[in-house]
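Below, chain A partners chain B and then partners chain C, in two separate complexes.
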Partner chain A sequence: MMSTVTGRLSQAFLLLLVMSLIGFVGIHSVGNPVYNIVNIETATAEDIRKATIALGLDQPLWRQYVLFIGNVVTGNFGTSYIYHLPAFRLVMSKLPATLELASIAMLIAAPAGTLLGLLAGRRQGKPADSAILKASVFALSIPSFWLSMMLILLGAIMTGWFPSGGRGPTVSLLGQDWSFLTLDGLRQLTLPALALAIPNIALIARLARSGTIEVESQDFTRFCRAKGLSSRRILFRHTLPNISVPIVTIVGMQFGGMLAFAVVVETIFAWPGVGKLLIDSIQLLDRPVVMATLTFVSVAFVGLNALVDLFYALLDPRVRRSA
Partner chain B sequence: MKAETILALWKRPMGHGPSLPKFLLGAYMLLAIVAPLIALQNPYDPLQIYGWEASSPPGTVGTGGFMYLLGTDGLGRDIASTILYGLRISLVVSITSTAIGALVGLTAGVSAAYFGKWVDVVIMRVVDLQLSLPTILVALIAIVTLGPGIDRIILALIIVQWATYARIARGVALSEINKPYLDAARLLRLPISRIIFRHLLPNSIAPAITLIPIELGHAVALEATLSFLGLGVPIDKPSLGSAVANGFQYLLTGQYWISLFPGLALFGLIASINFVGEDIRRRLDPRSRSI
Partner chain C sequence: MPSLHQFRSTLLAAALATVISAGPLGAAAFAEELRIGTSYKLMTLDPHYADLNENTSLLSHIYERLVNQDERLNPQPGLAISWKRLSETQWEFKLREGVHFHDGSPFTAQDVIYSIERIRDFLKPPSGGFQSYTQAIKSITAPDPLTVVIETNGEAPTLPLSLTSIFIMPHKTDGFATTEELNSGAQPIGTGPYKFQSWQSGEVLKLVRNDAYWGGAPAWSDVTFRIIESPAARVAALTTGDVDVADYIPARDVEGLEQRGLSVESISAARSNFLQFDIGRDEPPGVTGKSGNPIQNPFRDKRVRQALTMATDRAFLAEKILLGYGTAAAQLFPAGLSGTSATLKVEPPDYNGAKSLLAEAGFPDGFNVVLAGPAGRYPGDSESLQAIAQNWARIGVSVQPVVAPFSVFATQRSNGDYPVWYGGCSGEAVTLCLDAVLASPNAELGTGSLNYGKYQNQAFDEMLAKARTLEEGPERNEALARATEFVMADYPILPLYHFHLIVGHGHKVGSYAVHPRGWTTAMQAVPSEE
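Showing the complex of A and B:
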């Protein structure tokens, strides 16, 4: 078990290395960041030359790449062209806000989706089931940016129940600022968290539904029913544990997906997280920050997947035994 | 899935009887094709726009004598026309990229199965890594690397999509590869390209067919998302995503129609593609665990 995980991890990191090379070459062919640093109207050729040297862009490309990889290994992505802060530290400073948002969204999505899925699966073919199935297709079809905007329209502009954006007041805990500790902060969190949660509720519900249908048709469920167990007990004590493996998988993977989709939601709700930083940096050609963010998210993802694999073993005795 | 099933699907691609999603999807296609004929103006031609009509609410009668059915945006462009023109680009981008992505992915998957050894390892490791990353992240990496422009978005969407097809096609091709007809083809010393494209590929694509509508829906959504973020279709070209983005700043001051209607059109398009796709999948594989 452990060795397959480490094997997959090392392969994945090798691939990330190759991808970083492709990305590095690509990003260098897309526009010169020097022109974002100097004032185009007033800069002389000398200014541009100086800026180029200061950014290390006068070096041959392979040299820049070797330097880059060497720096990445030590967590040094260079200094942001815009904020004049170390890029990696900048990303890390935005991370708690994104993690908080994604965690709250998953705390909404996982139970809600599982419950809806169990409900639909129990009543396969009944109106409740087809309603949940139809609703899930709708929920998965809404583009997340439009969903966010409609949430703002309904929840903030027309009713005034929630703020339309920003993070609002934060409370410091363990050296980081958090929103979820105050009522105001929770109100700020509600709309963006819902925007992230709704597609995931649908996804988890569909998965839970198909799992429930499969499990409920098996002999042990029939035996439980013959034994006279209440259907609620069968559902929560026997069906739920048996569908937990795929649900944990999807929760793990979607949590990563939320970190990525936070790009859209954070941009709309002006939530000061990693996603907004990434989009802002792409538009400002802030290359070190773009590279730091993309590398961090990709590496975090590969790690997260390995973690989900390990989690299987914890949840499913069969996987543990076969290892 | 048998070849006959595919044939049946080909003859009757939409199942029995009309339904709302099928009708809607057909209407979208038709509207996209005839857009220049029925649109009131070309919203991206500055000569046809009147600046003083900016942010007119739906139903305003404009200078040209016609009614802005869905209102105008912050620059005075007719929203209904923007939707029609945006639909064209959104559909062209997503259909092209889905078609090429499927072709590239299927070829890669079948080749991986046929050649085995290091070809297989290399292709499948890339597929594994890519499928473990969320699509939006892959798309963002691709766009950052490729730069802006419509051709680049198509390329980025192809990069996003090919891996799914490759994984499925490889699985099927592996089970096909030991069948007698392929032995026969090899014994005849047919060229490898002919074996792959004429024999192995057509017999390995069936399960991947059901993926196409789903992936098309994803492609439409992803193109819109990228355009919304300002990383997709250039701002001088209409797109449903950028049309929604244009209205964002006006949303907060209550001019809801600028974002509402293009978004609604987009939502309807994606939903109808998804419903039709689900229908096709259910008919091809009744036992499919509909996830």
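Showing the complex of A and C:
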């Protein structure tokens, strides 16, 4: 057990190092952030020179990187070039918004996708199955910006049921501001959560369907049926646990993805989350914030993967025994 | 056509009054909330941090300046009621009486001194983007609480104009406030028509009416700015009534908004977008002869620059690419703003004339050239490059358009990777752009900061230097207009268009006066009568 943990940790450490190097060099090669900090249309050459020195951008890249790593070791990601706030605090301040959006989207997607998948798998080849299959192909292949726009068109502009964007009023809980605790906040959450959930419903449904088909054809299912168990009981007590390992994996991965890369949905719904911060910061070449976000995302991914492994053990006695 | 009523002089005076005094007094009876969807991020609450509309537009509700600018960019009294030049290097400003900060403390000369010294001495780059406005200031004294005397290094005839950018903060007795202090917790306090309530950076700013405002109670009881950066999302928010005002509306959405009964107002921005040529180098990269052979820099020849100008259909750019929400440009600021020429006109394209000029210059078959520009930074930027490529093809100049994200483009441009590129200039006065884009690069004078092509014209430099010594007024404006006409006859750049600032609003707002500097404020929105 100990060796798995240390193995995991050293992997994570290596991942972070490689990621930071790629991020650092990547941002550097895109362009010079100083042009986004001074007003390029009014600044004098002297202003630009002074700002470059102040940000340490006149140093060679390797020295900037060594300085950066040295600071990160002490927990300091630097100050945002654009917002002039500590970069890591800035990322953390966007976290509640992202966390609640991703959680609600996953709370919709995981049960809905699993149920649809089970249903389709049980009725393989029947009209319900083919309808679910076709809908899932459609939902997976539409671009998320189009889906978001259509949701705004339907849910906000034509019917007026939901607001078109933005985050609702917040309530403070555990020192953070959450909007899902207020009624208006939930209304504001609905459309972006749906936009994030729909492709995931489709993904999970397809996974659950193929798992169900596989499990249903196995001997133990047939045995259960021969024993005279109701088909509902077979589905939920026997099939579901057997197909849950890949589903938990994909839920974990997708959830991690939503924490950082729900960029399109967050932008269109003006949702002030981490993904939007990341893409804005990349555009403005705000390197401290980009690095802080990437580090956070890497840590979150590693953490989520560990959680998923734990879940395997809970779900699958074979994994438990081997460990 | 927007161009006809860009500068409606009669309405102007009324609109101006509202901008300056924050809404008619009678409207104060409506205790209404105004919700504005804006593209401006508001990155910091430090009013002296960065000289970007992103910050100053929203902060101008809370903080005020000594001198304001009307819709023709002429200086108007703000926190200072009058100013005069005592000598070549001395200015005296009389301050407004009876003005109080939001915490109740009176506004005095000490606050002016504090604010200017905070910018000049305390803030270090990268903050302190306003330092270029305070550079000329040698010392500042207060003979009495409502008078400040500013001593300058050398002549500074346009000091009042410089002060139109500087927000006044209340002075502190224990040193200068840091940016961190202002960003975290400490409530920003100014003299402005609205008081700070709360903000979340990049998300929302909430303001409440300052009932004790010196200009009378402001029109709206509460103002909420929602930061919505995606233009489509701003349009959607306005359409569904989630916001009452939305700025930077894309031209293609105007019709849809009007069909839904929303109003749209627009004005030519105090800026221009143009093509700049590399004139400094003998063989800039990206220019070759028709057979790919290296050639001498063609843009050094005035006839080539003139031919390219004649072959560019600027009316098409304004009418088709900007859908009419742009004015074809023949100079740096739209005609009508102070310091602009009334005689410079955009001629329709003359391809035959251009072709023969090109032949005269030694390029009868034209040449190949890379035309670079940013994507999505300005309305119509990358589309314009495509259109210009088609125009120039007609006189034998084959264009390879190169479009990049702005940060990439800006880096490459300053590296000198392009022979011709798309640029932009804006500012509080046309002099800023004349200095930056057209004057010869001169570190001492601080000119030529945007003159990446190293265009040099000594006679023009002298005319500009002479105009610079004149005080703000008709004489100076005239001198600037003459200098502009003189330099444009040499085709140093190819002005393309002044795009329009488009603001949409719902029924709660009776009228909205768009300001050419692109500010979005509650003071510009007048409540409707009902």
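The rule we apply is simple: the second predicted complex is superposed on the first by the 303 of 323 C-alpha atoms of A that agree within 3 Å, B and C clash if a C-alpha of one lies under 4 Å from a C-alpha of the other, contacts with A are read in each partner's own complex, and residues count from 1 in each chain.
As a working rule, contacts are C-beta pairs under 8 Å (C-beta built on N, C-alpha and C of every residue); 3 or more make two chains touch, one makes a residue touch a chain.
None of these values were measured; they are calculated from a predicted model.
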With both complexes overlaid on chain A, does A:81 touch chain B (first), chain C (second), both or neither?
second
So, A:124: does it touch chain B (first), chain C (second), both, or neither?
neither
Which partner chains sit in contact with A:152 here, chain B, chain C, both or neither? Use first/second/both/neither.
both
Between chain B (first) and chain C (second), which, if any, makes contact with A:71: first, second, both or neither?
neither
Looking at the overlay, what does A:298 touch: chain B (first), chain C (second), both, or neither?
first
Touching A:279, do we find chain B (first), chain C (second), both, or neither?
first
Look at A:268 in the shared chain and tell me whether it touches chain B only, chain C only, both, or neither; answer first, second, both or neither.
both
Classify the contacts of A:164 with the two partner chains as first (chain B alone), second (chain C alone), both, or neither.
both
Looking at A:256, would you say it contacts chain B, chain C, both, or neither? Reply first, second, both or neither.
first
Just which bits of chain A does chain B share with chain C as contact spots?
30-31, 149, 152, 157, 164, 267-268, 283
Across the complex, what residues on chain C touch chain A?
41, 43-44, 46, 49-52, 124-127, 129, 131-132, 179-180, 183-184, 200-204, 226-230, 232-233, 236-237, 239-240, 242, 271, 405-412, 414, 424-427, 432, 436, 441, 443, 446, 449-450
So in the complex, which bits of chain B are touching chain A?
125-126, 128-129, 132-134, 136-137, 140-141, 143-147, 217, 221, 224-225, 228-231, 241, 244-245, 248, 251-252, 254, 256, 259-260, 263, 266-267, 270-271, 274-275, 278, 289-291
Once bound in the complex, which stretches of chain A touch chain B?
11-12, 15-16, 19, 22-23, 26-27, 29-31, 133, 137-138, 140-146, 149-150, 152-153, 157, 164, 206-207, 210, 214, 253, 256-257, 260-261, 263-264, 267-268, 278-279, 282-283, 290, 294, 297-298, 301-302, 305
Which of the residues in chain A come into contact with chain C in the complex?
30-48, 50-51, 53-55, 81-85, 90, 93, 149, 152, 156-157, 160, 163-167, 267-270, 272, 276-277, 280, 283-285
